[in-house]
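Chains here go by letter, A, B and C, matching the order in which they are written, and residues are numbered from 1 within each.
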Amino acid sequence: MAQTTLSPDYMPGDYVLRRRYAVGRWLRYLALAIVVAIAIILLIPILWMVLGSFKIQRVALAYPPELIPSDPVIDNWERLLINRPSMRWMFNSFIVAGGIAFFAVVTSTCAGYAFGKKQFPGRTIFFWLILMTMMLPRQIYIVPLFVLMRILGWFNSFQGMIAPYLVYPFGVFLMRQYMQSIPDELLEAAKMDGASELQLFRHIIVPLSRPAIGAIAIFAFMAGWNDYLWQLVMATDELWLTLPVGVAKLTASGVGSIDIGVGMAGATFAFIPMLLIFLLFQSYFIKGITVGALKG
Amino acid sequence: MKHLRLLLVLAAVLVVLLTPAQAQEPVTITYWTDPALAQPISLPQFDELAEFENWQAEQFMELHPHVTIEVRGLDWPDLATVVPTAIAAGDPPDILKDYLGRTSGYGVEGVTVDLFSLVPQEEIDDLLPGLVELYTIDGALHAMPTYFWNHAMIVNKALFDQAGLGDMVPVDDRAWSMDEFYEAATAIKAAGIGVDFPYTLQVASEQGDYDFHAFIWGAGGEIWNSDCTPGFDDPKTLAGLEFVNKLFQEGLINSDATTAAYADQVNNLFTGKSAIMGGGMGVLNNRIGNGIRDGDVTVDMDPVVVTYPHGEGEVPGLGVGPTGFAVFDKGRSAYEMEWIAEFLLFLNSTEAQVTYTQNNSQFPARASAGVPLEDDANYALTLSLIQERGTENLGLACPGFYEVRISQPPHWQAMFLGQETPEQALQALADEAAFILDM
Amino acid sequence: MLARTGQKVWEGRWGYIFIAPAMIPFVIFTAIPLVQGLLLSFYKAGLNRDKWQYIGLKNYSNLLTRDPVFPTAIKNTFLFVLGVVPAAMVICLFVAVLIYPLSQRKQTFFRAAFYMPVVSAGVVLAMVWVYIYSQEYGLLNYIFDSLGLLHLLNAGEKIGWLARTDTALLSLAIVVLSWSLGQPLILFLAGLGAIPETLYDAAKIDGADSWQSFWKITLPLLRPTMLFVLVVLTIAVFQVFVVVQLMTLGGPANATQTIVYRIWVTGIVGSKFGYASAMAVILLVIVSALAAAQFKLLDRQMT
């Protein structure tokens, strides 16, 4: 199996215009057109969501649909931003997702290091145990977990929403993979120089793992942001709702009816923070994602 | 003068001395509510989930400052998920306001407090006897009924008039046979005034399934027999089912019924794609009324209440569905239970029922609440129809009601899509219900 | 023997210290509740905890022999995985190979476009897609109508994409697919970048044509990446739930029931916690068998 070395700072776009295949110009254009079409298909729902947020119910339900609302209204946004504590919901989401990201980084780095670089009895079993939970939906143990939270009295609290995510199995897996790219010789040389275990971790492992840490932080943040079910169950007070949960509730007012405009405004509002985060940390996303799958 | 001053001082001292004695131990009560009060009529400031209930709780807390009420509004999907999870984990609310179809399940499981022992007898005596009977499970009053909605057909007569078919709407006796209904529906579709689907329906979820069941009741069939056995083997049930299926297959029901949402039904009615929809006073006053107010109704609207089409010799009743307050058994002290009862009676007082039913166009469960919407012709008509033709048995308090309820839509969908015949659908449902009730 | 084990444990003490921050919360908040949940599969367990009752394997026998919906749910779950996972792999590979030679800026655009659905919450996308798929006022029917495609497909009537058994599962799969493309694409792009140009130059000198260099160089060298994508996608798609819950409720006619949705309906909505746990055990057996095989393969490829 050929192995290739990949520096953490590698960016795919650095190699511009390398033509590996001699494909006819028209075939290439046709293929590119297909790619553009797929990209547009992926962007249309998001565009449609933003447009929908400016439509009143009658316009939202019109056929043929008004592609650009002829009479845009901001009622939906008013209802979202003024009538409801949506700013508080956003704050809650940031604290919960941020907390989940923080703890995921800490636990994944420590555990990933141990699983990747340490020898100890039970290593494989512990690793597989953690990994297995990645494959199980939360629905299975929501009731026992709920009982535990009741004993701890953690309803309507950040710790209650964060606790089940202190360990992020995917992060542990990612970090273990990443550890294998750090040469053992480096650690041994540091030990020779008299570095303690903690110094080793602090001064060699953590700095070298930065790309993986960035990736785990971002993935865990996204997972925390999107964790609908648990946050729904844990918040019994409107002020403790998180953004996606609060937004989903907005749309379901009354006898099972759906107010599309408000729903779309809420969906857009919940989407904006993640979009900004993606645009700001794009390079981290890209570097981070590649960390787990490819290592030197 | 001197005496008066002395008296005043004495009085002041007395007040100071007595006040600490009156300060009571604080109590916190959790109260979860359904979203039924949507778009109230005369309380326009309360148009978000649980705003009305919060307002009620604040009033109570002003009266009794040592009581803290924590209100949580749940939408329909949450009621079916969050509440059972909380009960199973041993942390339900103290008081839950929800539909009998769900609270009865909690009563059957024995997790609610018997209100016969919590609520004074004179309060119970004021409730309609039929409702008390419906709410009594294993000899216990599992919840306190507060109001009920009704279900009938709402026909937009303006569209029939427009097509010159106004005579086909039975405004005299408010009843039509299956044939009359079928002819009217066929005629309005053929009239070419844009009524593509005369009757609008959804079978995507169990929500609002009485729009579907009402055809079965009209034919004399049952979903639940009075002894709480499923009625899927009743030949009249089959007759009703075959009738709905015929309506769907001939394009008299919206073709997206297998996936449509409630909003789609309302939209069909508002835009004149449909001329007939199931619903009660809530739909008539709140939904259609507010729809006209907000400009969402784009056709002429003249809603008329009619009962569902009936089979030969059948006099179908109206579907009615009560909602009540359940109190959960969570080991509260006697003192705390006292205040829970106090709040429960506050929520279910005559005055509260009048406010509530007026705004939600429902019917109060208390005799003393009278007829809250006396001036509303349709309200009076509906009440007289209920008295005249009785009510249909929804089986709301039957064990397994909710699970049997959610097992049905897949088979109605399969029937509409031609994958199961009505016989096969009923057979499958009978088997499934047997399995559910056996487990 | 015991002394030797003790020796090993002592030597590995720093391993234990470093896994402790993960293992302690893992045991408290995941392992114990999970075991409790799984033990429930031997109980008849409903809302009232006082009425819970040990019934041995009855939940399993009911599930495998009597339950009318569960077999459909298993079948649909597999259809989802077999449809979405290969489609995502093929599309991403195709797109990655095509946009790899583009300039940095163009690549950034495509990466962003493919990543947008990943960053929007599943709840959000499901809500938007329901709106798009609507038969009466949906954008999709309008687009199809404008392009004349509705006529081609069926006599000009608008299609209820989520209302028909032959399109519902596919419609949901497309939504899941839309948020399954972003990460594999970025991975494949990185994988392509890691393949030395010299290999292609050498192949050209040997007279290999484009197809040959794709099959003989690109694909084999991308294998570790492809396996990684395969594992992660399979696990994710096996748990498909949000689209079902928010878009079809398992309908029409059970055409979109999936295992996790059944667990939800039975356990949380129907309050049959024991029975739902038995379903979860079956899911666990299926997924862990598949994942173990895939991880084994992955481990071998990567070390």
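The rule is short, and it goes like this: a residue touches a chain if its C-beta (ideal position, glycine included) is under 8 Å from a C-beta of that chain, and two chains touch if they have at least 3 such contacts.
Everything numeric here is computed off the predicted structure, so don't read it as measured data.
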Just say which it is for the chain contacts: an open line, a closed ring, a star, complete, or other.
complete
Comparison of B-C and A-C by number of C-beta pairs in contact, larger one:
A-C
With chain centres taken as the means of their Cα atoms, state the distance from chain B to chain C in Å.
39
Distance between the CA centroids of chain A and chain C (whole Å) is 15
Two-or-more-chain contact residues of chain C, please, as numbers and ranges.
136-137, 264, 268, 273
Could you list which residues of chain B touch at least two other chains?
85, 88, 90, 205, 267
Give me the residue numbers in chain A that touch at least two other chains, ranges are fine.
61, 142-143, 260
Of all residues in chain A, those that touch chain C in their complex
1-2, 4, 6, 10-23, 28, 31-32, 34-35, 38-46, 48-49, 52, 60-65, 106-108, 110-111, 113-115, 118-121, 123, 126, 129-137, 139-145, 148, 163-164, 166-167, 170, 172, 177, 180, 197, 201, 222, 225-226, 228, 244, 247-248, 251, 260, 263-264, 267, 270-271, 274-275, 277-279, 282, 285-286, 289-290, 292-295
In the complex formed with chain B, which residues of chain A make contact?
57-58, 61, 83-84, 142-143, 146-147, 149-150, 155, 232-233, 236-238, 249, 252-260
Going by the contact rule at the top, pick out the chain C residues touching chain A in the complex.
5, 8-9, 11-23, 25-26, 28-34, 36-38, 40, 91, 94-95, 97-104, 107-125, 127-129, 131-132, 136-139, 141-142, 145, 178, 181, 183, 186-187, 189-197, 200, 209-210, 213-214, 218, 220-221, 224-225, 228-229, 232, 235, 238-239, 241-242, 260, 263-264, 267-268, 273, 276-277, 280, 283-284, 287-288, 291, 295, 301-303
Hey, which residues of chain C end up touching chain B in the complex?
44, 46-51, 62, 66-69, 134-137, 157, 160, 162-165, 168, 248-254, 264-265, 268-273, 275
Enumerate the contact residues on chain B facing chain C in the complex.
80-81, 84-85, 87-88, 90, 105-106, 109-111, 204-205, 254-260, 264, 267-268, 273, 402-403, 406, 409-411, 413-414, 416-417, 419-420, 428, 431-432, 435, 439
